[in-house]
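Next come two complexes, and both contain subunit A; in the first it sits with subunit B, in the second with subunit C.
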Partner chain A sequence: MSSPYGGMLAGLIRHRGVKGCLVVGERDGLIVDSTVQFGVNAQTFAALTASLFRKARRAAQAAGFGDATFVQLEAERGRVCAVGRGDLVLVVVAEPRVNLGLVRVDMLKAAERLS
Partner chain B sequence: MKLQVAADWVEAPLKAFVDDARAEIAVLMHPTGQVLGQFGFTRSVDVQTACALGAAIYASAGELGRQMQGRPFGVMHYAGKDKQVFLAPVAITGGTLLLLSVFGEESSLGLVQLYFQDFQRAVAQAAPPWQGAESALASDFEAELNRNLAAMFGRG
Partner chain C sequence: MMDADEIRLMSDVLAADPASLVFLQLGEALRRQGQLDLAWRVALRGVERHAQRPDAHDLLARVAADRGDFDRARAAWESALALAPGHPAAQKGLGFLLFQQGLLQDAERLLVAAQAADPGDASVANALARIRALGGATAGGRAAGPPPVGPTPPRGSVAIPASVSRPSRTTQALAAPVPFAPTPTDARDVFLDVLPDASHAALLLDADGLVVAGRYRGPDGRDLAADVGAQLSGVSDEASRAMRHLDVGAWTHLAVEAEAASVAMAPSGEGIVLVAAPRRVPLGFVRRVLDRAVERARRWLESGT
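Up next is the complex of A and B:
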C-alpha cells in the first residue's frame, strides 16, 4: 500500500550520505512511511526519535521560544535530523559527511507537505 | 509511587519497564487475574479490579481472535484522550502472563512497545515455569489472590 509520503522520502534519500528517512507519528512513535538503508531496527529508532522530538518541542515551548522547527542530533558516526508538523515528524538519518544545509532546506520544504 | 511485587523475580523487569517506558501504571498478572506485581495503584482493591478486567479483556479478545482468524489476538492497545492502555501477553516457560500498562503524554505506544520487548525477554528468563491450568482452576484461587495482595499491600 503506497502512502502520500513516498515521493518526499525518495527525494530525501537521494542526498549523498543520507541513510534513511522516516515519517513518524509524534504522539505514538509509530512509522507512517520509511525508506531506510541502515542496519538498525527502524521501529525502535522511530519510537525513540519521536520521543526526542516531542521533548525538544516541549522544551522549546517551556523556554518561551515557540515551536521547535528543526532538531539535530550529532553523534560520533552520524546525524539525526527531525522536523515536525502537526502530529507527524520527518526524520533523516545521515552520515557525518552529509551536506546538512541542503538536507535541512529540503526537510523544511518537505515538512510543509506533512499533514 | 512504589513498586509492589508478590514474587521477587518480578521486581527487576517491572521496574525497568516502568522507568524506561514511563508507564503510569503497570500490572503483571496471570491470565486468571492473579497479580504478580504492580506499579501505580495505591489500593489493593484497585489492583484486584484491574487484574479482573485485564484478564477478562484478554480472554474476550482471545476468543474474538479465534473466531475471526483462527488464533487469539495478541497485543491490545486502546488510545484514550489523555491515557492509553496497553495489554499484552508475556510468554514464559509453559505458559503466558499478562502485562497491563497505562501511559500518558510522557510516553508513546512506540516506546511502550519497544520496552515491552525488553520486558518480555527479562520475564522469560526470570520467571519460574508456569504451573499450568491447575493454577487457574485451583480451589484456593481466592486465598492465593489475597496472599499476593497482602504481600504487596501488607494486609492479611
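Up next is the complex of A and C:
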C-alpha cells in the first residue's frame, strides 16, 4: 500500500546531501512514511526529532513566539531539519554539505500537504 | 499640539499603508497627548518595520522615557546613535538620561554634541552648565554622588538637578528618581555592540537555563530574559540528548523559526548563547548575529568584564 507522502519524500531525497526523509507522528515519534538511505537509523531519528520538534514548539509558544514552523539542528557530522503541521512532523536528515536554503523552502512547501 | 481629527487622519493613513513614515508624527502626537500605551505600540511597530531609521528608535526612546522605562529608552537611543552617530535628538535625549543617572562624563560629551547642532537650545546649555558646576565627571565617568541640590534622593537612585530646564515630556519624565542605569560592564549590556538594533536580543544562559548575560525585552518593554531563557534552554537540552543517540557529533547550531520570531542558539562553554529576532529577519542573518554573540560571550567570560 502506498502512502500519500511517497511523492513528497521522493522529491526531498533527491536533494544533494539528503540522507533520509521521514513523516513522523509528533506525539508518539512513530514513522508514518519514510525514504532513507542505507545506514540511516530511521526509527531513532524519528523518535528523537519528533521529541525535539515537540519541545521546540512548546518552548516557542511559552516564550511568546507563536507556533514553531521550522526547526534546524546542526551537528559536527550532520543536520536535521523538521517542519510540522497538525500532529505530523516532516523530518529531513542530511550531511553538513546540504544546501539548507533549498531544502528549507521545499520542506515548507511540502508541509502544506501534511495532514 | 495636534487635535483629535489630525491624529485620526494619521491613524487612517497608517492603517491604509502600514509602511508609511507617518508613524513618526502619529507616535509623537500620541506621546504629547499622554496616550503612552498607544504611542508605544505605534513606535514599536515603527521600529519593527523601519529598523534602520534612527528616527524610529528615537521615537521609541522618548515614549519609553515617558513610560518610565529608562533602560529601554537608553537602549533605543543607543540604537539611534549606532545608526546615526550625529543624531541631535538622540544625543540630547540620551545626554539628559545619562545626566540624570549621574554619568556626567558621557552626558557632557553627548550634550556638547547636541549643543553644536542647536546652539540656541537653552535646556542643553543649562544642563551643561550644571554638569560643569558640579565639577565634571569623575575618572570613572559616574559622579561621586547625587547632585547636591534638592531633597536627598532615595538610596540607589538619583534625581535630576532642579536647575535643569526640561523642554519636553521626555525630560520631565527623567525628573523622577529611578534606579541607577547599568554600567557599561553590566552583564545585561554585554551584547549591545553586536546586535544590529533594538529588535534583536541576545542571552547567555548557563547549563541550568539561568541568565548569565544579556537582556530580552517583551513588546511591553518588560525584561523577559529569565522566562525566555528558561523555556528555550530546554530545547538545547533536548538537542544534546538527540545528538548523543544519533552519532552525528556534538550540536553546533540550533534554529527555531516561529510565527513571531526566529531564535538561533549555539553552545558556549558550559551554557548556550541565543539570539532572537523578529520573524521578518532572514534566518541566515540571525545566524551571523549569533556567531558574533558567541564570540562576544567567549571574550566576556575570558576577560571577566
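Quick note on the criterion: the second predicted complex is superposed on the first by the 113 of 115 C-alpha atoms of A that agree within 3 Å, B and C clash if a C-alpha of one lies under 4 Å from a C-alpha of the other, contacts with A are read in each partner's own complex, and residues count from 1 in each chain.
Here is the rule we go by: a residue touches a chain if its C-beta (ideal position, glycine included) is under 8 Å from a C-beta of that chain, and two chains touch if they have at least 3 such contacts.
All values reported here derive from a predicted model rather than from experimental measurement.
Undergrad: When the two structures are laid over each other on subunit A, do subunit B and subunit C clash or fit?
TA: They fit: once the shared chain is superposed, the two partners occupy separate space.
Undergrad: Taking the superposition as given, does A:28 touch the first partner, subunit B, the second, subunit C, both, or neither?
TA: First partner only.
Undergrad: Is A:51 touching the first partner subunit B, the second partner subunit C, both, or neither of them?
TA: A:51 sits against subunit B and subunit C alike.
Undergrad: Taking the superposition as given, does A:42 touch the first partner, subunit B, the second, subunit C, both, or neither?
TA: neither
Undergrad: Which partner does A:72 contact after superposing on A: first (subunit B), second (subunit C), both, neither?
TA: second
Undergrad: Identify which of subunit B and subunit C touches the larger number of residues of subunit A.
TA: C
Undergrad: Using only C-alpha atoms, work out how near subunit B sits to subunit C after the chain A superposition, in angstrom.
TA: The answer is 10 Å, the least C-alpha separation in the overlay.
Undergrad: Which positions of subunit A sit in both the subunit B and the subunit C interface?
TA: 44, 48, 51
Undergrad: Enumerate the contact residues on subunit A facing subunit B in the complex.
TA: Residue list for subunit A touching subunit B: 24-25, 27-30, 43-44, 46-48, 50-51, 54.
Undergrad: Inside the complex, what are the residues of subunit C that reach subunit A?
TA: Residues in contact with subunit A: 218, 224, 227-228, 231-232, 234-235, 238-239, 241-243, 245-261, 263, 276, 283-284.
Undergrad: What residues of subunit A sit close enough to touch subunit C in their complex?
TA: 41, 44-45, 48-49, 51-52, 55-56, 59-78, 80, 101, 104
Undergrad: In their shared complex, at which residues does subunit B touch subunit A?
TA: 79, 107-111, 113-114
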